[in-house]
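There are two complexes below, and they share subunit A, which is joined by subunit B in the first and by subunit C in the second.
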Partner chain A sequence: MIRPVSSLKRGWAVLWRDNPPGAALLFSAGLTALACAVPAFYVLERSLSAGRGRWQGLLDTRIPQLLGNTLTLAAAVTLIASVLGVGLAWLVRKSDLPGRRAWQWLLALPLVIPPYVGAVAYIIILGPRGWAREIFGERVFDIFSFWGVVFVLTMFTYPYVFLICGAALKSINRNFEDVARSQGLGTAEIFWKVNLPFMRPALGAAAILVSLYVLSDFGAVAMLRYSTFTTAIYYRIDGYDNVSAAILSVALLALTLIVLGIEVRARGRRRYHQTSEVFLPPRPVKLGRWKLPALALVLAVFACSLLAPAGVLVYWASLGIARGALAGEFWRFSANSVGVAALAALAAMLLALPVVYLRSRHPSVVSGLIEKLSVSGYALPGVVIALGLIFFFSRYLPMLYGTFALLPAAYVVRFLPQAIQTGGASLNLVSPRMDEVAKSLGCSPGKVMFKVIVPLVTPGLLTGGALVFVSSLKELPATLLLRPPGFDTLSVRIWVEAGEALYHLAAPAALLIIVLSIPPLKWLLARR
Partner chain B sequence: MRIIDLTTAGLWVAVIGLFLPGCGPRPDPSAGELVVYSTRGERFVQPLLDKFESETGTRVRALHAGGATIVNRLKAESRRPRADVIISNDVGALEHLRLRGLLRGFEPEGIESIEARYRALDNSWFALSARTRVLMFNRDLIGREEMPRSVRELADPKWKGRFAITRGGNSSMIAHVSALRREWGDEKTIDWLAAVNENAGAIMRGHGEIRRAVGAGEFAFGLVNNYYFHQQLREPRNNNVDAIYPDQEEGMMGAVVNAAGAGLIRGAPNEKDAESFLEWILLPENQREFSYASLEVPVNPRIEAVGEAAHISDYRVHDMPLSALGGVWEDTRLLIERSGLALELR
Partner chain C sequence: MNAIQVENITKTFPGKRSPAVKEISLALEKGKILTILGPSGCGKTTILRLIAGFEKPDRGRIILAGKAVADDTVWVPPEKRGVGMVFQDYALFPHLNVYHNIGFGYRGKDRKERIAEVLELVKLSGFENREPHELSGGQRQRVALARALARRPVLVMLDEPFNSLDAELRGRMRLEIARIIKESGTTAVFVSHDQKDALAISDQVMVIRDGLSQQCGSPQEVYRFPENSFVANFVGQSNIMSGVIGEDGRSVETGLGVIPCEHLHDCRPGEKVEVSIRPDSLELDERGPLLGRITCLVYTGESYEARVDFVGEGGDRMSLLAHVHPERTVKLGDMVRMKLLPEFVAVLGCRPATCQVPRSAGTGRGAAD
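What follows is the complex of A and B.
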């Protein structure tokens, strides 16, 4: 009897490379991973328990339609946002564009505007009863169309490409460009043959981010009366047809996995290295007669993605405030928003720590799997998380179902990856030798964790918490589906008031969300 | 080892503690609380609920959502009801819930002010305001004589792209389709729905959106409840609208009428408050409020109607008794789904 036990022990030690974690650490990290896997698991389970007929019915008509709608939208937005983002990044990083230092962060600012808020702004401007119609006397552009949705989503997602590709461009050593130039290549050729290949991994990552965003977006798409998987799932859940919603969710998850698979393959195929030891900062390309058109393009993008929507919101917010939109109700909604978002942020920070620590200090297949599960939420659309939680809570925790506890739970599953990422980044800066020194001085593992690790990673965790807070504040679909009666948040109010065309009531809430989103974005930009 | 066990345990207690406030103290019934599910427009109902809250001190928690959402939610919660009162803009939904045993009858004071045909046999629900389905049009875009005379004509390709309707899950839409089924039979109704789905210029979230779109000239006309037309007339701009009551000619079915009202949930967690709310809403001034907020016509003839509303005796009305809507509610929903008219948005 001794042999199997000892070989099990041996196997366990080998699995952890002779560095197994304590039971409590493993338990808390494992539980977090399981909790994050709950929504996807139950959605899958329920979809499989739906009869063949239900699947057939949806596969025959609805799924092909939605697939067409969703894929064309994701492709169009990703393509245009990539071209725009790369172009702007090149102008700002590689050319002598006037004011390029300021543009570096000005062009990233649209990230603070949630796309559904942007959609509201553009319905006000370009909608059938919008300002454009009043100025020009007729409708210039139909915002409630495929291209309307593409336009709005592009305006608020291109900054991902701009930021990520900008960082990649900045890090390209000038030596490569100098060599290319000495071989007689022009600026355009250098872009295609040197810059673009170097940017490809970054561009790929950014494009994936944009397409994942489009797949998961609910608010902007629904407000612009377009139909994708997320809106179809939302309206099914809203009509309590949860089984059909589960089937549609599985189709959407399959689509998401395919997109992620493309990234993994693309990343694996090619590698580029910075070879030189000496890094020379890039020398700006002279734009010459292209300077004015380039500046016009940058200005136009900035106007469309930030000035116009922000201006519209400020205008309506001032009208609303003059009409008493900041009454007691408004502050109650704000308190609800801030309360659940803060709970989610706090929980995310606490839950991220064991996962990050386990992954960094006890690397193994198990800790890798735990981390992967814990960050899986970033690929799950809000509607799918909401559906999974509805299944789970109504079956196993009925006393919690229908209370506001479901909101922070959904936010944590969705946004925990952000806390894990920042927490992990700051833990990686703490050398494992610190742990060893503390242990050699007689500290128990628990003491090491709380006396050494926690103080050192607190800044990173707090940043993660701030990101989770802001993301939770903006979250719309899961909030709409999971909130208890009488519990409205700012994002819910924006949805309700904008749906009734009461823009003076929607605008103050939208502005508050935007203002609260600025500090974490500043941190993100400072890091690059 | 011991310390990490204790500290991690502490961490978990902290996490669980964070979630506790949500599940912790269930509202104390004696503190006076009322949970209302409403399928009417939030702006029409919330002021009335606020009035009740300020007059009685009972805290009202309201969930405003679509008709199908609320009905299905009540069914899903039937073993553990969370709502006390339902306010619905469709009597069919109320009767449907009653037939499913989800409502409870009682003898509210003041119920005799509502005619028997506007309330349930057991008074578990009663209607307060009536609405009629009309075709509201923009006078800049289309003349009265060009307008379709019957809702049947909406299936005609010549109207393609020119009108707006609500999604199939809208309660007024469900009730309307029930009336059409009774008049035409299922086959014809399905064909009509499929054709309308094809023809409609937009399928919108609600009637408020339709009236604004028609007022602004986005579409020539739209199928709405009559009070949305009255509301659009009161807008400072985009108010050059008119409406026709469809199917008025000899041999036609007449305009479809529905009503909005309230019902008592069986097993309501705050029963007493629910009953007092329903009696409170039957007070003449609150009946008035109920109809006036949305410019509907009060069911109680003693309550004066708003100025612009046509009296119900001025036009030909479809003869289906309102409570007949209840028995077919679910069937109609399934039929709408089968026809291809999205219950959700397109």
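What follows is the complex of A and C.
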């Protein structure tokens, strides 16, 4: 006899591999996943209800043009950042470059400068009334151009490649190089035939990261008056043309999905394994007469990506502080920034825990899907998230629409993946035997969570919270679109004041953001 | 009353074709120690996890202290079973010190006294404030055991407890853990792949292979009278030969001649059987009936492990492993005379092995119905 209830129960048990989670855990993680899916879903829904005419109009003219702009920009930045990042990583990890240990740090440091702040700095230096013009009497390089945008974005994204490929290079066992050398290969051949193939998975991952960043960047692109999908979407929303914005967003999401698809395919294809447990540290290659040119390159990159922008900001900040830029207003913006970013960080830590716990302790199709949805925000550009939240809140939660509550909501969707990653990494270090011992000692699943899991993963979650905090602090497009009138944050002030060339007011806020970004970067470096 | 009784449990993991555990039954009286012995991947840890409640059996019944905790209709979650666990990696909570680790699940009013009592039992009084990372391997293990014992569990189960200890410590901890368990009066189930662990500490040994029980009995029974060639080879070394039960019903006719044999496994005269001959039962003896040549010789310190080629009555050669006392001087290629001691010769079971639940264990309603 078939009993429907029991066969349903059996199916549920099989789905969870005989280990179904409790209702509270599944409910909280599932709700988080649904909330993270809200922006993309409503953007898609709105774009589909837009009607053929609107789609046709945009597909005929605007979308091809934006596609061209966005793709060429992403391709150029990714290519140059990859070459630069790999080259620098090789110099620092494999050669006898003077000061290699210090450069490992210094060349990663530009990560703390948000690209839109970098753009402001380069407008000050290379803009139409910039320092370069004052010194040379004529315009040296037009920063408001395609190559200007490429330059700025490259300077602040190459560290991703540098860090990821540097870590990969460091982990290559020296035996492989020694074997190649014993077969009569020279340094260049070893690079092409040994180092580069080993680095390829890492380089692929880093290149994807850079392309995703370029696709989603709004601040630097907008400040340099270039036009990509993100800026087009932003100005449509600003002009209350949300439907067109939704259509453009869907096009951008499709592009993002293609890039992610490439990553999945590339990652699936090859894997390299170290063949030996014995690990020898690399033996540095002698640069010889190339030592000076190499050093000059490293210095030039460091100067362009860190010294120059930081110098400009310090100069204008000191001018601004002398003129009273740190008045009450400034601290009000800072408090707003810190307040919403802290809310987002707290929420992200609380929401990440059920998701990572479910994924780690109750593996199944369902928990995998929940995790994937919860981390989908990392591929969503800020403008798209903002648009989706505008749709959702104005329709279903109108009492919250127009309050500052939308800001932490957008930050959580966008940056929750960072908390999930760090929280998950630290939960992976906690053996499932801990849970089982606690259960055998009489703890209910809820008690296991609070007496064992929470104390053990708190360090990882706090790190994730710190990353979310700093990312939220820097976030620009969603903040601009979602803030209630009169609710200014540090990033909003940088945008507004730099737009009006009030650099002495923008610089202190930019410096504060940079200083607050340093501790999490230290953590990232320590992990690599 | 049995502290633990398992009746015909079967468990197949989702996505796997063959069951990890097949129709396993066992019973253990209060205060006794059982070791589930088998090679890695044989399903022994799954049995442990089924009893603890970390896995659900597909069929069969588990009864703890007279109360069913898992069968077709009943399911008691691990936190309500009162089974203490000691894992291979000990799983001490790294955020708690020894005192709080041991007191973790204890809810009685006499918490302090009870913790002091079990610390005394495992001889770690004074270690209350140590953090787990400040302890040695053996101390960690004793803390894990103390933690499991603190709640006075119906049953304590230890999963490969000696695996991560070095050889010297392993021997000492074996006796120490057995002492603690006996002294506390607890019933214990060990899981091990090491026959020395199993023989040294157990009242009962259960040998498992591919999820199936091979033999169940006291250490002496399992070693002296193995049911089948797997048990004979897994628990110690053995030579397996074929033969026929003699007319007198007390001996076996083999290629080496008629061997007196103590344990015939109810096989009838004339039946074809396999015989297990332990290397210890071959002894050098100048007047012995067997003449053979040493073809391989390994010195282990405790003895020589010699492979001796005999020529049987029918003219066929047989190669047997023998243990030679290390004080005897033997060389490779030597012709030696040996005799057979009947104590360690056993006829292997000629019928499929079954693991009997003792009579007192109850009705034995299984999953077959």
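Everything that follows uses one rule, which is that the second predicted complex is superposed on the first by the 526 of 528 C-alpha atoms of A that agree within 3 Å, B and C clash if a C-alpha of one lies under 4 Å from a C-alpha of the other, contacts with A are read in each partner's own complex, and residues count from 1 in each chain.
In the analysis below, a residue touches a chain if its C-beta (ideal position, glycine included) is under 8 Å from a C-beta of that chain, and two chains touch if they have at least 3 such contacts.
Worth saying up front: this structure is predicted, and the values here are computed from it rather than measured.
Following the overlay on subunit A, a side-by-side fit with no clash is recorded for the pair subunit B and subunit C. After overlaying the two complexes on the shared chain, residue contacts for A:Gly328 are found with neither subunit B nor subunit C. In the overlay built on the shared chain, the residue A:Leu400 is in contact with subunit B alone; subunit C does not reach it. Of the two partner chains placed by superposition, A:Gly184 touches none, neither subunit B nor subunit C. By the touch criterion stated above, A:Val14 is placed in contact with subunit C alone, subunit B being left untouched. Touch criterion not met for A:Gly51: it reaches neither subunit B nor subunit C.
When the two complexes are overlaid on their common chain A, residue A:Ser444 makes contact with subunit B and with subunit C alike.
Figure note: vertex subunit A, arms to subunit B and subunit C, all at CA centres after fitting on chain A; angle 150 degrees, rounded to a multiple of 10. Within the superposed three-chain model, A:Gly137 lies out of touch with both subunit B and subunit C [touch as defined at top].
Look at A:Gly288: by the touch rule set out above, it reaches neither subunit B nor subunit C.
Once the two structures are superposed, subunit B and subunit C can be ranked by residues of subunit A touched, with B on top. When the two complexes are laid on top of each other via chain A, the two nearest Cα atoms from subunit B and subunit C are 11 angstrom apart. Subunit A residues in contact with subunit B (one complex) as well as with subunit C (other complex) are 444.
Interface of subunit B with subunit A (complex): residues 1-9, 11-12, 14-15, 18-19, 22-23, 35-37, 41-43, 60-66, 68-69, 72-73, 75-77, 80, 82-83, 167, 169, 202, 204-206, 208-209, 212-213, 216-218, 238, 340, 342-346. Looking at the complex, you find that subunit C touches subunit A at residues 13-15, 52-56, 77-85, 87, 89, 91, 93-95, 104-105, 107, 147-148, 151.
Within the complex formed with subunit C, the subunit A residues making contact are 13-14, 17-18, 431, 433-434, 436-444, 451-452, 455-456. Only residues 22-25, 27-28, 61, 128-129, 133, 144, 222, 225, 227, 231-232, 234-236, 238-241, 343, 346-347, 350-351, 354, 394, 398-400, 402-406, 408-409, 444-447, 449-450, 484-487, 496, 499-502 of subunit A touch subunit B when the two sit together in their complex.
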